[in-house]
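Every chain is named by a letter (A, B, C and D) in the order it is written, and numbering of its residues begins at 1.
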């Protein structure tokens, strides 16, 4: 049962990553690529982390997983803002 | 872990050493020679690591420790090299 | 499946290295190298070397990438003249030579006899080393000479970088002054990240005693905390003659040498008596982590150049 | 289960390979840096899967370190946007 959930969640996660990298290739300009990417890959990481957390042997591992995801989300949000500015104002 | 499963990394490491050497000789930009130097270094580490595994007794900690030492030394050399590259450019120097 | 993963990973690593080395633009090469470091860290995990993967993630992928980005920014501002590409003949010769090295290595590897590693010897003597992490045992007890000299190499790199300071800038604050909007995104980033990095760095130093981690990996993360605080304008970089900074840089090698000399009294240079091994190793780990963090951060800040930034 | 996790990890490697193409292609530096970020997130996800597959939970620490240092390199990138290299990309008053 739990294994099944892990399989489902990791597969969904991979799907989001695939969509994200597809967007990275297909979208025509930097700004829209940025939008597609930051959402898709962080959702993907979140789903994978959730699937992995179901298999975790203890609370410490779950906390670490949350920390990894929080760090990735946080820096993706900041990067989207900073890089977005760079993309909006071509020097 | 069997030797076969590590074989790709052995081949990869040998290729990295060759690639890095090529870049170190032919690359005109100094910054990129530093990158090539780092590729050689990590190729050597990877080769060392991939060859040190054995089927039965698990991984050997001695190469691992030596590789960690090597990574830190490579970083020291990289930091100094980059400082030299920047100082060279600051003095208006052309790349050789 | 395991073999398929390793093969694909190896192929991607070689492709990324080729792109970093053969491509045209310098910035692209730097970004490729950052990706390269991450992939190499994955390779170390596949090779069951989590200690090395940690070091590669922190130092190889992380700090080296940051050093390269900073150097690239400096070089662009200095507008160094573009060098001319090498002669065609040199390229051909270098290609042939490099190919020969790769093939020669592969040929030599295929002739290697299978020898047992040292894991059994390490495991046998692990109880007297004062740590349960075999890699830490090798670094800080079995092969202490290597590690002592390594800390001196780090120190020498910092001294070497400092010798490039121009006379009028010495002794100023390290690197250039950073200017950041006080309520911008960057400043916000700089408030959140250093505390997290401090906790993670201290944790890695601590767990190095019994699982993957240690002074080098933890010290690098501590250095990252300081680097972020300076780059986001929350802390000024220290002056290069700052007493506290210099003490932090020197405490690691100094304590290590003292331990070595104390060993001389009871046996041999760098001999650590088993009864004292645990507290001594913990003290070495802690002082080394502080020294490594300070030295690496100072290397990223660079030689004083505050005159230019105003 | 282990086979499945490795299959997913291999799939993630394939998406990383796609992002590498965008680093090479550009055209903006922002595109290249963004692709590096996708590679970072994908690499972290791979580590999480490898940790379960190998039942080696110390690998999570590698994921944490990668996530932390990826954030630091984003700061270094943000700094590199302006020619001066020490400013703030949001600061529109100080053009250089």
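The rule is short, and it goes like this: contacts are C-beta pairs under 8 Å (C-beta built on N, C-alpha and C of every residue); 3 or more make two chains touch, one makes a residue touch a chain.
Given the structure is predicted, the values throughout are model-derived calculations rather than measurements.
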item: Steps needed, at minimum, to go from chain B to chain D via contacts; value: 2
item: Top chain pair, ranked by number of contacting C-beta pairs; value: B-C
item: Separation of mean Cα positions, chain C and chain B [Å, integer]; value: 13
item: Rounded Å distance, chain A centre to chain C centre (Cα mean); value: 27
item: Chain A and chain B: spacing of chain centres that average the CA atoms, whole Å; value: 30
item: Touching two or more other chains - residues of chain C; value: 2, 9, 46, 48, 63, 70, 72, 74, 185-186, 189, 196
item: Two or more partner chains touched - positions in chain D; value: 16, 29, 33, 35, 40, 61, 64, 68, 70-71, 77-78, 89-90
item: For chain B, residues contacting two or more additional chains; value: none
item: Interchain contacts (touch definition) - all pairs; value: A-C, A-D, B-C, C-D
item: Chain C-touching residues of chain D, taken from the complex the two chains share; value: 3, 6-7, 9-10, 13-14, 16-17, 20, 23-24, 26, 29, 32-33, 35-36, 39-40, 43, 46-47, 50, 54, 56, 58-59, 61-62, 64-66, 68-73, 75-80, 83-91, 94
item: Partner chain B, residues of chain C touching it in the complex; value: 2-3, 6-7, 9-11, 13-14, 17-18, 20-22, 26, 29-30, 33, 36, 40, 43-44, 46-49, 51-52, 55-56, 59-60, 63-64, 67-68, 70-72, 74-75, 78, 80-81, 83-86, 90-91, 94-95, 97-99, 101-102, 105-106, 109, 112, 114, 116-120, 122, 134-135, 137-139, 142-143, 146-147, 150, 153-154, 156-157, 160-161, 164, 214, 216, 292, 296, 299-300, 302-303
item: Of chain C, residues touching chain D in the complex; value: 1-2, 4-5, 8-9, 12, 15-16, 19, 23, 27-28, 31-32, 34-35, 38-39, 41-42, 45-46, 48, 50, 53-54, 57-58, 61-63, 65-66, 69-70, 72-74, 76-77, 176-181, 184-187, 189-190, 193, 196-197, 200, 204, 207, 211-213, 217, 221, 224, 227-228, 231-233, 309
item: Sites on chain C touched by chain A in the complex; value: 185-186, 188-189, 192, 196
item: Interface residues, chain B side, partner chain C - complex; value: 1, 4-6, 8-12, 14-23, 25-29, 31-32, 34-36, 38-39, 42, 45-47, 49-54, 57-69, 71-80, 82-90, 93-96
